[in-house]
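To keep things simple, chains are lettered A, B, C and D as they appear, and every chain counts its residues starting from 1.
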């Protein structure tokens, strides 16, 4: 979580300095979901992600340097800078992509699970998506297919209450995402998405069920995006200040730190050490990306056809 | 129901004689649904239908002659023979079309309901669709939108257990369509679709709710298609003979006739009269269509752009 | 000359919507973020405040559902405007657009009309990348029943939007996201611009350039530079590609004998091919050189700015191609 | 000459699938009705019996979901074949095809491959009407990253299907439903037909006809009739429009000086425009007459047989157009 957090704050800083192209959506405040889920996955398992996918990418194992450089559009990025923030792919760790199209990753995850199930290799797929994806086509068809075929896949909804500026309750009469699992005849569980331990426990059970051939699960993680929808959106025009402030108190990193200290599992100094270590790592990634050469225009037509 | 039944048997006969182009899907055996629902609708209410839509068209008021001629592809058809069986449209009775695309009529019905609700004229829309539509995109988005906007629309699923030759239970883990209403926060009711009185009662309540501004309802009508999927499919290769035989015993017309006679509401002779009257009407429609001239090739480019 | 103000392209579009919505209460507007937020690009600013939730309504991320609702509402007597925001997302709704919106008037033998405007923004703007930059308007033009509008100026966006809303059939109205906050002169009074009338943006005699949307600006800039070299360029903006004003283009090419088509979309099977085919055939004897086409490279949109610039037609590229064409 | 048998077009397609599925266990096949039923057109007959539910699986009516699953499975090392049955229904899946399947190889900088075959049948066959007859293959050709196959004979369907399955990228494989039960000679042994190699179906010297899919048959019939009038027609079938074998076509036109393109799809912004544009430009000095195009009328498919016949290119129409072209 520290890695995701510091990574993104550094990305934010860099973006604000005006050197980064495109637009970016930060995952800050929602890290417990990616961390808690991906802790159960091996490099051979699959993940599909979203426009807000930096956290998923790091948690699944995309190298920090290459991720930083990718978001910066550098040729040293994991995809040569051709993808950027919303198009990060890494086959070496089963990362099937962040995605500019809302909900598109859902059936893709079902497909990866189908490939794994055909091979019978025990691997699973996890699809992360937002509340905005829930009313979309691809959610419906992707989950129903996985259920009908009993595929090893776990669907993880990051319900942060808004899709851009639109509150979830304005666009559906059923805001209980977990309850929608029933429509597909699979288990659905709603949890506190800012509690990494709860995420870890529930995701572990769902992933174990998937590996055992017992089919998909839908997990709804209640979480929040304290920042704007994208970098540049102050994020305040459409949400009550109190709501934002309240959710900031539930920051997943602070909560875990506090709990761990209270339980005597870790000392404050140790946490500082981790922080500083991550800081160095991120700084190296930043420098790596910054010092990367520019892309070579001659490569623009590479890889159109396989 | 008699009209629908005899109409389609005459269509079948005509088709088998080889003079009708295209392919047709017959509604025989499912008439109670269209009859029970449409009895509550005025000409100003809206209906969207399916590939198996002759019954819906007649029940909503498309003239029998023009419907017959349309299915035959004659220029005297309600759409000049340009549409045929799967593309019957009639604005004069709010019939927004049979449809060659499964589930496509669902959001269209929501849209018609939105237009009515904007005008505040108290009209409603009804969308008929099969079990095959339930796992499709358009079902999900169309119903969710109607629910979110509390539109005056009723969704009527004709669950005849199969989509072409594929049994419903093979393509979903939740075969209870009515239960899927919960996903959208609206009421869902499962009923015997071959009992026209039950259909009439439940549909009446749902339509009244819609008119009163209380939002959409999903009604699942359990029914069956004793014939093949389309004319030419014997319909037997993929279904147990007993299943077909059993459902034939539940024929909606026979059941209503029997019930009415047992209740002393009607005498057998009266029923025979109705049958013969309808027979004459259908025969006239057949003759009307048969004697229609051929289409004029010069009209082929009419009506491309409005 | 009528009076004019200098306003943003996006403001001009909002004016059109506002004036039409005031005029006709059957018009409503739906889309993601077009309600209280006023639109991702400010393309609905103030409309929700004026017309309220019933006529200006935020939608879930359900492009298919939105367009389907638009079709149904249009059939039931309303005049919906459906905003897809990023054109790329219209892929989710292609079935409703093609099989329903475009086809029902024909198939119903003219009995139903589908007065639906589908609005979206296309094109690349500062590395919007592969999922937010596509320009596949040729798809719609290939489908009978759809009109396709590509406004390139603030005045055009207003006048064409009015015509789109008043049209009795489905119209695909595609703005360029790069423009939205650019300013241009817009007449004060009421006006509408008819479909199918090309705009000769600049008169010239040596070469004709046909360009759409953002490419019109590039073409005009290139023409300015070429003028200094003594090459006189005529720039034509078709404004709508369906209906397509063949006549204006053919007349120009008969005069100049040379045609360059500049298209932000890929060339293969696109509008640039159609225009080239039409001119090559109908102005066969007037052409002094083969028709030339300059489109995006046949690749997805790369995110990296250097690659993106290499992929898209540029002013430099246009200048070079015109020089070559004139020399040939 | 290798040994041959006379088998149905659809049987040839099943053979290709069967042989490939035996060879490579990572291939699976999904679609509506392609399981126990053996396919709406018998296009999967016997495969379910041989390979079982795990590799040959019936799907719900979820085209988007099917293709999305195909993309994910292909990224995860499988080689899926996704059957859409009627091409028209692919509209529901355009987003997955274009934004995901076609784009991921490029955007991932070559790191992911998406070896996906999307199979569908197009075209009109006995009044299949507006929702079951469309031929919009040009859409796919317009999108970078997709290969587009239009086999016109039983032998080609087998050889091209094998190549499609072995291809490491997404392939849109479009058969014609009118053919499925027609018979043609198919070699006995193992063979594959490379993409991008046009088939000169008939040699001639006065006029070149470029035709795809069912139109190849029409063109050959027309050529036969024209021969009797002393007009010698060369008929070229590109077999794949992406990649497109420009060379074979250009050589032919340089010889004949005249080109007619026959296309079952509408002309506007379609492949016929592309081919006409390419030839008009690259064989500019060899053309004795403007390139001519004969496509479907710019209307949806009417159901009525008289109207439908009027809408589609016919053998008579081809004959007349060639006569006109030769006289000009």
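Observations, loosely collected:
By definition in this document, a residue touches a chain if its C-beta (ideal position, glycine included) is under 8 Å from a C-beta of that chain, and two chains touch if they have at least 3 such contacts.
Just so it is clear, the model here is predicted, and its values are computed rather than measured.
Of the two chain pairs examined here, A-C and B-C, the one linked by more C-beta pairs in contact is B-C. When every chain is reduced to the mean of its CA atoms, the largest separation from chain A belongs to B.
Distance from the chain C centre to the chain D centre is 31 Å, each centre being the mean of its Cα atoms.
One finds 36 Å separating the Cα centroids of chain A and chain C.
Centre to centre, using the average C-alpha position, chain B and chain C are separated by 40 Å.
Mean C-alpha positions place chain A and chain B at a centre distance of 44 Å.
Residue positions 80, 82-83, 87, 99-101, 135-138, 140-141, 144-145, 148, 170-172, 304 of chain B each touch two or more of the other chains.
Contacts with at least two other chains are made by residues 59-60, 62, 64-65, 88-89, 92, 95, 99, 106-107, 130-131, 144-145, 298-300, 302-303 of chain C.
Taken together, the touching pairs cover every possible pairing of the chains.
Listing the residues of chain C that touch chain A in their complex gives 32-33, 35-37, 40, 58-62, 64-65, 88-89, 92, 126-132, 297-300, 302-307, 309-311.
Listing the residues of chain B that touch chain C in their complex gives 46, 48, 78-80, 82-83, 87, 89-91, 94, 96-97, 99-101, 104, 106-116, 118-119, 125, 137-138, 140-142, 144-145, 148-149, 302-306. Those residues of chain A whose C-beta lies close enough to touch chain C in the complex are 21-23, 73-75, 80-84, 86-87, 99-103, 132-133, 135-137, 163-166, 170-172, 237-238, 294-297, 299-301, 304.
Residues 26, 28, 54-55, 57, 59-60, 62, 64-78, 80, 95-96, 99-100, 104-115, 144-145, 147, 167-169, 243 of chain D touch chain A in their complex.
The residues of chain B lying in touch with chain A in their complex are 135-141, 144-145, 147-148, 150, 170-174, 179-180, 182-186, 215.
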